[in-house]
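Next come the structures, one after another.
What follows is a pair of complexes built around chain A, which joins chain B in one and chain C in the other.
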Partner chain A sequence: MARVTGSITESSRRRLSTVRAFGKVSIRNRLALTIVIGAVLVTIIDLVSGGRFPFLSSPLTQNLEVTLASPTWSHLMGTDEYGRDILSRVLAGAKVSVEVTLIVVIVGATIGMIIGVVAGFLGGIVDEVLMRLTDMFLAFPALILAAAIAAAIGRNLQASVVALTVVEWPWYARLARAQVLSLREQEFVLASRTLGASTRRLMFRAILPNVAPTLIIQATLDVGYVMLSMAGLSFLGIGAQAPLPEWGSMILDALSYQPQAWWYALFPGLALTITAFGFNLLGDGLRDWLDPTLRGFRTDFAMGEE
Partner chain B sequence: MIRFLLRRVTFILLVLVGVTLITFALERVVPGDPARLLAGTRASQKVVNEVKKSLGLNRPLLSQYVSYVNSLLHGHLGTSIVTRNPVTHDLVQYFPATLELILYAMLFGAVIGIFIGVTSARHGGKIDVVGQTVATSSLSIPVFWLAILLQMFFYSRLHLLPSGGRLAVGVTPPHTITGLYTVDALLEGKLSLFLDALQHVILPALCLAVAEIGLVAKTVRASMLEVLGKDYIRSAQAKGLKSRRIYFRHALRNALLPVVTVMGLEFGLLVSGTVLVETIFSWPGLGSYTDQAINSSDYNAIMGVTIVVAVAYVFVNMLVDVLYVYLDPRVRLT
Partner chain C sequence: MSVSSRSSANDLLTVENLAVSFKAGERRVQVLHDVSLRLEAGTAIGIVGESGCGKSVTSLAVIGLLARGAQVDHGSVRFGGRDLLALPESELRKIRGTEIAMIFQDPMSSLNPVLTIGEQITEVIRTHGHDSRHDARVRAVELLQMVGIAANEATLRRFPHEFSGGMRQRVMIATALALSPKVLIADEPTTALDVTIQAQVLELMNQLVKESGTALMMVTHNLGVVAGMTERVAVMYAGRIVEEGRTEDLFEHPSHPYTVGLLHSLPSAQRKGLDLIPIPGMVPIPGHEPVGCAFAPRCRWRLPICWFEQPSLGGVTSLADDQQQRAHRIACHNPVLPEEVEVGLPTRKFPASPPPPNMRDFADQPEAAS
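For the complex of A and B:
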């Protein structure tokens, strides 16, 4: 039967116990952690082993005798049109995706945070200028602007990273500014202002640390989205270029061999979906932890029926 | 109301200026010197300079920007190097197909998303877990991959739905009234034509709708949970109303308000999605036009689409804002 929760004491107690016993996390969060840690582990193995996974052929080794072979014991996910092992390419793709996404999200969030904090704290003309700048970028659907930028500055992974960062920061700037506006008048900020703290000290010592948690949650929620956008750019042919193993560009290559070589498109997409799912779950978990009102409790009303 | 509208219009004008500033800047960084390109690779520097002068590329940036905006205002977006038509002409031609796709995707997304969101909030427990998992998964699936899978399954395996295009091969499209085949076919009273067009739109629209489903479901669930905690729900319950009536008459109506806001965001997602999905389904719309432009470095076409889509996006969001004020009298007009 449904739990009757929702009272403040109950939810705060649960929050405490989450901190105390990390082993007692919900199945959902455990799944999220497993996927995320898995993706990061694969990335680390890839970096340590120099791009070659144990027991597998290198993701770039061609074997023209087994082109487009369906999955067998020697090639668990089959091979592509050059006879390359899809499993090792899918694993190597994790590195590209995780790396690129983390760079985009971290750089984008940092730039956005700084701009948002400065705009929100200084207010006036600075705020007006920075926020109108932000609105300019938000006026475009993200992927369209990213594609236009990437197509204009060059078709490679670096260009896509720049393009995705450019469309990413405005969201954080807005979020950070909104946070700052509510923090600015809080007593602890007023107190340090009275004590004679400089503007810079107020901004970066008093305000910034309080803005950061919200932005970190937003960033975690964004990882999945950025990962999909990156793959999307590669699928359009303006992200990762051959022969780099990247999930989006693998699916693009697979397109020519559908529907016969079903394994070719299936596995890279599956890897992408699972990884994005893991990060999305983790983001949800983090947000619920901070904002208990969104947890799926049933209200007293819902209890009353039946 | 007048002040509110004035503020919105000023804001939109500012944003539109911003949009042109960004696309203007992008066109400056496009690889290859346009003057060099036009004069030919063997032309001497002198000739290139003259071409530059005739194109106005030696003028100060500000005056270049003014003439750029001027030509935009006259609807000039340059010529596509692929179709050899003015980009404006191409956009007008490809637009209805994409509009049809987006409208169906919005419909599918809203219906399925609201259903999942309401069910999640209403039943809680295991059903909620399932609903939330579906919502989160739908935000994690790359649309282009899903498109390939659905096509493989419904066309190659089951032979249930067509693989792509707007109509079966050899079928004459209806006369252009709205440009939406399903609507035009109905207006002409041709039922079989309507069904054919509908069959073709289902798969691509469903793919596009996927991310929207997750977004709507999450929004509806959260706002349902919030609304259900309100006093007027308690009053309705105290009056002894049936729970079904409370959920759908009292709660859902108010819980749907945030969905209106999400719709603006969705438009951006859907347009981005068409670029990824249309090619797979050979859907002759703006999305496959953009994809083709990207693949052949057709910069005029890429920039044309970018500007037009951004302008459309700005107006959709304005519409959403106005609609919101209209729907929710509590929102102050500032």
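For the complex of A and C:
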């Protein structure tokens, strides 16, 4: 009987410590989590409900009787020039922005990381060729290059995804290569070579896991930038096309009605800012979590114990 | 050469006339000159010298991992009947870890910081063997216990930063010995550790090497480390072996001024109260050695000939026994006499031998021998 009680206490103590561990997550990280979870939730609801949010009119439904109405109880963020509910469009826009941004960042970072690691690790002519190619892309102002590419291959959402990816990867290639150059000289790389590791194994087991945290953090910090670039492209009329709700193009449309219809530009702008901010905070949190040396020491461990 | 005539069937690893050069801008700088060593199965050899003497280059050349820009100019490294220098990289890779393994000086940086120690040990086991993941983990725990870490499954999930320096070095040793190599090269394995931990790690290595019959090549600048652990010692200076012999012989009758200098640079309880006699100056930069003996600018025993003629490695003539002479070789024009060893300074009178006019830039001059 006593043993049973003991094990219950033990397990509840463990559960308690998990709760306490969550409580220790810094306020910054909790804020980041809230925003990111919010953005993901909005995307999921949007996907599940087929673009229509509960209790709101569809983001595409026009109501010409209430065009450019200021915020009221029935339209919390007001309406646009076609009488569409702005709250509904802001929420639907989250899906477009988050989706596009994540695709661009993930694909861009992966391509960049592979190119950077290969260039840095193999060195010589491979490095030279890959890095000059990278420099070519970096030589253009990113947004202008993206705008040119998007305009050239078709003024739609897919084109702007491709265009943004093309201007994203060189930054990751540069960063990864720089990391590899310093990692390559570390003793543990030589040590694993003396133990018979192949070049491929060195790249993927010794180098890549050490490069990845930096790039992942860079990627989360980049989310905000890409999201703003995407909005920028849409703002220029090259990205998302009407009537698709997208924050950047909403701000573009709102421009003609400023300063009277302040709600029209304000809410998409706020949504953009808050989401970008949330991903930046997430980057900070990820850095703390990904670095094993910052995950905390386990002091219960010493020689001769256990 | 003399080495091949003396090599025996017991030799596991034979390095012969190894010369290595590095690319320095447009020209090549030779950093190893005709280094010859032999290591018998189950024995230990110490390679001693200051930093920059070519000890690490020798050990990396043996395992085929010289840095970029380095090349072997001539010589051979024979291991188990094969010349390692002639083998393709893929064959060498099979030998590394399984037949020849290496541990390094700095335990802080020689483990991968982002992989758990379990991953790092099992990876070595699984790279070469065909063990299942589970078998490899069981073996990893055994290995950690063998090196004196009270290990269990949970220990394998820990990261290197959770271990102290001494324990990381134990992990390194466990990893290196995972596949029971025939040769273990230890490059200054205890330099970065506290003395108490040094003693523990040395004792552990000594014991493991004896138990498993692994031959040990101990690279160090510490003669004290070598004294207790090795059968033979080679003292290196400026990329050459300057004195080589059985450990007892070398400590009893050190004959090269550099070896004597190293011994007198080491504080010891026996010589309590006596002054340390440091070797003046520094190891020459490769490519800027004098024409003759590289040690001449720092040598208290130098003769005029030392500036012009490179001494060759040969038997110690001051030793009575012919066999003893052959087992103990030095490269010196003016060996230290047995009665001078204790004093650490020459007691004879030599002709003054300042650097010749064209070599005035060798500024490190010991006080004139008188």
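One rule holds for everything that comes next: the second predicted complex is superposed on the first by the 262 of 306 C-alpha atoms of A that agree within 3 Å, B and C clash if a C-alpha of one lies under 4 Å from a C-alpha of the other, contacts with A are read in each partner's own complex, and residues count from 1 in each chain.
Operating definition for what follows: a contact is a pair of C-beta atoms (placed from the backbone, for glycine too) under 8 Å apart; a residue touches a chain by one contact, two chains touch by 3 or more.
Nothing here was measured: the structure is a model prediction, and the numbers come from that model.
Using the contact criterion defined above for the overlaid structures, shared-chain residue A:Y225 touches chain B, although it does not reach chain C.
By the touch criterion stated above, A:A206 is placed in contact with chain C alone, chain B being left untouched. Legend: residue contacts after superposition of the two complexes on their common chain; A:P243 is shown touching neither chain B nor chain C. By the touch criterion defined above, A:E187 lies against chain C but remains apart from chain B after alignment on the C-alpha atoms of chain A.
By the touch criterion defined above, A:M136 reaches chain B but does not reach chain C. Looking at the shared chain after the overlay, A:F235 reaches chain B, while chain C stays out of its contact range. Within the superposed three-chain model, A:L272 lies in touch with chain B and out of touch with chain C [touch as defined at top].
More chain A residues lie in contact with B than with the other chain of the pair chain B and chain C.
Comparing which residues of chain A touch chain B with which touch chain C, the overlap comprises 293, 297-298, 301, 304-306. Chain A meets chain C in the complex at residues 123, 186-188, 190-198, 201, 205-206, 209-210, 213, 292-293, 297-298, 301, 303-306. The residues of chain C lying in touch with chain A in their complex are 63, 65, 68, 93-98, 101-106, 109-115, 120, 123-124, 127-128, 148-150, 152, 154-155, 158-159, 161-162, 167, 172, 175-176, 185. Residues 2, 6, 28, 132-133, 135-137, 139-145, 147-149, 151-154, 224-225, 228, 231-232, 235-238, 247-248, 251, 254-255, 258-259, 262, 265-266, 268-269, 272-274, 276-277, 280-281, 284, 293-294, 296-299, 301-302, 304-306 of chain A are the ones that touch chain B when the two sit in their complex.
Of all residues in chain B, only 11, 14-16, 18-19, 21-23, 26-27, 29-31, 120, 122, 124-125, 128-129, 132, 136-137, 139-146, 148-149, 151-152, 156-157, 221-222, 225-226, 228-229, 233-234, 237, 243, 246, 267-269, 271-272, 275-276, 280, 290-291, 294-295, 297, 299, 302-303, 305-306, 309-310, 313-314 touch chain A in the complex they form.
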